[in-house]
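Only one structure is covered here, and it is reproduced in the block below.
Letters A, B, C, D, E, F, G and H name the chains as they come in the text, with residue numbers starting at 1 for each one.
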Amino acid sequence: MSAEATSPAKVGIIMGSQSDLRVMGDAAEILEEFAVPHELTIVSAHRTPQRLVEYAESAASRGIDVIIAGAGGAAHLPGMVASMTPLPVIGVPVKASISIDGWDSILSILQMPAGVPVATVAMDNARNAALLAVQILGCADSDLRDKMTAYKQALAAKVETMVERVDREGWRAVRSSL
Amino acid sequence: MSAEATSPAKVGIIMGSQSDLRVMGDAAEILEEFAVPHELTIVSAHRTPQRLVEYAESAASRGIDVIIAGAGGAAHLPGMVASMTPLPVIGVPVKASISIDGWDSILSILQMPAGVPVATVAMDNARNAALLAVQILGCADSDLRDKMTAYKQALAAKVETMVERVDREGWRAVRSSL
Amino acid sequence: MSAEATSPAKVGIIMGSQSDLRVMGDAAEILEEFAVPHELTIVSAHRTPQRLVEYAESAASRGIDVIIAGAGGAAHLPGMVASMTPLPVIGVPVKASISIDGWDSILSILQMPAGVPVATVAMDNARNAALLAVQILGCADSDLRDKMTAYKQALAAKVETMVERVDREGWRAVRSSL
Amino acid sequence: MSAEATSPAKVGIIMGSQSDLRVMGDAAEILEEFAVPHELTIVSAHRTPQRLVEYAESAASRGIDVIIAGAGGAAHLPGMVASMTPLPVIGVPVKASISIDGWDSILSILQMPAGVPVATVAMDNARNAALLAVQILGCADSDLRDKMTAYKQALAAKVETMVERVDREGWRAVRSSL
Amino acid sequence: MSAEATSPAKVGIIMGSQSDLRVMGDAAEILEEFAVPHELTIVSAHRTPQRLVEYAESAASRGIDVIIAGAGGAAHLPGMVASMTPLPVIGVPVKASISIDGWDSILSILQMPAGVPVATVAMDNARNAALLAVQILGCADSDLRDKMTAYKQALAAKVETMVERVDREGWRAVRSSL
Amino acid sequence: MSAEATSPAKVGIIMGSQSDLRVMGDAAEILEEFAVPHELTIVSAHRTPQRLVEYAESAASRGIDVIIAGAGGAAHLPGMVASMTPLPVIGVPVKASISIDGWDSILSILQMPAGVPVATVAMDNARNAALLAVQILGCADSDLRDKMTAYKQALAAKVETMVERVDREGWRAVRSSL
Amino acid sequence: MSAEATSPAKVGIIMGSQSDLRVMGDAAEILEEFAVPHELTIVSAHRTPQRLVEYAESAASRGIDVIIAGAGGAAHLPGMVASMTPLPVIGVPVKASISIDGWDSILSILQMPAGVPVATVAMDNARNAALLAVQILGCADSDLRDKMTAYKQALAAKVETMVERVDREGWRAVRSSL
Amino acid sequence: MSAEATSPAKVGIIMGSQSDLRVMGDAAEILEEFAVPHELTIVSAHRTPQRLVEYAESAASRGIDVIIAGAGGAAHLPGMVASMTPLPVIGVPVKASISIDGWDSILSILQMPAGVPVATVAMDNARNAALLAVQILGCADSDLRDKMTAYKQALAAKVETMVERVDREGWRAVRSSL
């Protein structure tokens, strides 16, 4: 349905509207960083329900292993996709302009009934959705798991660098530079 | 799909699970009271998505004029039906055991994006959903509108009766009898 | 009470204050787009209660079929109009400056007691209120129902166009253009 | 409209439904304790809007000085009465069975627009509504103000008695007797 | 403690901090408009507790009839004043920068225990607090009650003027001028 | 650390307290149903932090592929485990007696910072956590994916059976039997 | 003011009402367990404001080092005591029957303005308030700090015992015994 | 780990990220004002869990008496530190950009289970965290307690100065100068 990589996509990133790209682009960037083949497209649960059905029903047979779905307001996309695929679906609550402080998208995605889970991540946190996809793929790909371990070490190193900077320059200097 | 009346149904009542009958049965009772032909069945957005598509896409051609959909938790049924029919869809947020004080079902039903409205009524208030359906049908059926006017007069009369009882017996007696 | 169309109005749009025009104007625009005769005026439940009574009690006899009422804060306009008319009333919660994140207007409009429904739509979503009015009128007007079907197809087409643009230009380009 | 006292009523207690008597009866009891002439009746904003108008418009001329109005859910009674009378209106949010944890009644009563205040008290706290009415009448009635001062001293004395009991018997004994 | 009028003050306006003047100044303006003698000063419950005690205990004997108290965050000023005076106390929840969307000040002021009411008005609505004070004083001052009736008529007239403007110029023109 | 299966465990189920077994036992039951080797034990983030570190750091090398962690209140267990393992971690917010309507556990688990995702499922929904674990393992195990597809078909079949029962017996009979 | 120990009290436990003993008694039990001399009494901010002033102003000179204050609803006791003493004040939000899900007491206690902190603990968690008091006294009392270390080891040991029981008996047996 | 004072630090200020310096710097400024030796550094619970363990386990032996920990979102830092030290831990909920109106950080820090308290202060109120630390140290340092008493008198004096300014210049002038 779209092409973001030369190998067949393993992760499908979908979102309800192009305005969600502001948030959901981060997921693609992480997957690029981890060299995970992926695709990205727009599927609106409410405006293109047929497209939603086709996407969800075909994903597994097309080789997709994990679906990342982001939406705002009454966010039905992640849960409806989950209802039509055996794949794990990761939901990203987007705090859209139509949102009530984000509560609507969080609860619409999180509170799925028994039988149909959606792996929900923090509001607007598409980066974490992609990292979770990498962790999932890492269950069968030890290289990817090693990369994840390295990624976490890099996160720690970045904190250590900042610790040293605060020690060296003093917190006031660091605060001023924020 | 089910039969609750001899004439072709004009109102379709659907719900995500049989446990919602506790709340949604009230809608059928109101429609019986107003002699509006209707049908009632179970359609689960998350467990029977194909059935959802069939129901939503066929409703108008089967003669249904209004759909009443009730669901709890991440309640996607009303909004997804609304995405696939030109008919007005009334949503009933059900405070299911899986609900977070009902906020999840309210926000999942209410906060639909521009283009796909759901007419949301108060939590667990399937009776109001049915009255709203009667009002909608009343736009083209003056008998039904007259019945609605009479219904409202009966509501008022019931209050007046209670006013008189409080005047006659005193509020303490009425409170004791609650 | 006001005149927005040459034919007698079928939909009455009211709001508590002129500042609600920012939101409620969208409803009139949708009705124009669907060529539904309508009227628009200001009725304040709290500052002009007599006007509220007159409007609500006369609407049906003046030929109005559906009322759309928008208000913010302790939003009593939709529910009070609904208490005095057999017509369906659609409520638009407006996130006014006096609102607490919009929760006050949502709950004041949505949580009507049994017997007096208000068809509540998403916060600030007057466009959806008007589309719901069109769907309601479509129950007795097959042309209007066809237009609604076409409207939904246009929504889908717009998504498809964006899907193609993302495929063609890449998501980064589309994101940059937001 | 009802008679709870031989002298003309100075405080009018109204509520949306007889089920609110469970809470609102406390207001009448406090007014009896302070010997303030009062009346108590049922006025439903949504089921008897005409009665609401009559009550609100006639209250001042009938000698009423303060109105106490209790209601649950989308609680429009206090605010609508306030819109039609120059008298101070005290609102009691009732946590009815139809309520969402009481938030709906609190916000529907509290968040009135500029120009039309409602003096809101704590949820289900009709006793405080009546005490506030006594304080208001006390502005022109020094006997009543003195009684209020005595009432507060009695509240303090009751605490002191409990303090002594805890000192004498130990907190464990008092806790066991709760 | 301060002097805003030549006659002895009947209404005392207090607030926790000078930053509350942004909101609370509106109360003084309304009282000026109604020619009600009043005073305005700062009393911090948490930084000047002794001053709080003195203010609350002396208010009645100084001739004050109504106290208006505004505060933000954990807003203890209105309730603590109410605990030490037989006068009616009106509380204004202020959405200060330290507030969590205003919920903290609303709940801290509204949810007073039985025995010690605070008449709470809408968030940041000091104007309504002053109008409520006028209504309270109006119980013993028919001139003031007549002024309140006139004030309400002026509110209605302002709406009517806007209604006519919308009719005359069209809603689009009015919306553009917002 | 515990033994629930003869093969080496692939899924580790942990929870903050034995009282969470009420909810978390459901996860083990689903994994049994899918014949996924798993282990279940108690790890308290706050009372046994060393045990938390050991569990999280050793899980991957012990052959665990997915961790399911449930906790209530300020629920730090899922997020802290996630900080110390490259494995995907699924979090179950438990509505413990110490919870504020479950909001505390939901937000403590869901709102993880960028870099450290937790796959959050609905409140008290340990069953969905286990189904998500099966879906994750299914990425590298086509038998498991087929079982998941069959599981979903069984869910649908159960709904269809109930649909037929409602058609055959009528909704009143079904409601009575709830 | 009360006597719970032979040595002069170092911790003062106060609460707004005897009904708070249900929760606040736990604090006294912890202090007994740690052999910390303490006193317990009732001080109502709203019904006995003078007593509040006396208690707060005299506590430090009477040898009290830490004050634990519990209250429900609009909980002003902890903050007002904090305003009148240089001692650390620990606040316990009590979910009283008058509470709105406990949010009112939490926010009334937590959201103190800059300059006057209250050390707030979890809802109804008087046990933690007492443990915090022990930790505070432990800053100058190494025996007490050692006891706290031992207490934490005992907490861990209790978890370990339960871990072993689950391993030995199986989780189903433990769940059944809950 | 860092050095902000020549004497060994008695208070350790930590935070999850350098961006928290915006808020947490205020704590260091208050401690400087009170001449309390302290240190400030960054410890991320989720990115540097080992560092968290080292910091928490070594703090007491390094001479630290009180720990102040600030974090946003799913804020696990304060609670996890508290789980590994016998010292009192003060938690500052930071309203980070990733926060949902701050509710997530408040509840993640406040709602600790029995046995492991965190002394929570108001959102973003690092100043109060430091004042609480001073009060805690004041239990064993009468000079510090005297400074705290003086600090409170200075707060009161500042209010008095503003009271006089309002009296002298009038509230309008003061409001204009805000």
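Here is the rule we use: a residue touches a chain if its C-beta (ideal position, glycine included) is under 8 Å from a C-beta of that chain, and two chains touch if they have at least 3 such contacts.
Worth saying up front: this structure is predicted, and the values here are computed from it rather than measured.
At the interface between chain A and chain H, two copies of one sequence, fewer than half of the residue numbers in use appear on both sides, so the contact is built from largely different positions. At the far end from chain B, in terms of centres built from Cα atoms, lies H. Averaging C-alpha coordinates per chain places the centre of chain D 34 Å away from that of chain G.
Between the Cα centres of chain B and chain E there is a gap of 42 Å.
Centre-to-centre separation of chain C and chain H, using mean CA positions: 48 Å.
Among all residues of chain B, those that touch two or more other chains are 17, 47, 73-74, 98, 100-101, 103, 106, 110-116, 122-123, 125, 152, 155. Under the touch rule stated earlier, the contacting chain pairs are A-B, A-C, A-F, A-H, B-C, B-D, B-F, C-D, C-E, D-E, D-G, E-G, E-H, F-G, F-H, G-H.
Interface residues of chain C facing chain B in the complex, by the touch rule stated above, are 60, 65-66, 86-88, 90, 106, 110-123, 125, 127-129, 131-132, 135-140, 145-146, 148-149, 151-152, 155.
Residues of chain B that touch chain F in their complex: 1-4, 17-19, 21-22, 25, 28, 40-42, 44, 47-48, 50-51, 73-74, 98, 100-101. Against chain E, in their complex, chain G makes its touches with residues 16-17, 45-47, 49, 53, 72-74, 76, 79-80, 82-84, 98-100, 103-104, 107-116. Here chain F touches chain B in the complex through residues 101-103, 106, 122-125, 152, 155-156, 158-160, 162-163, 166-167, 170-172, 174-175, 178, going by the rule given at the top.
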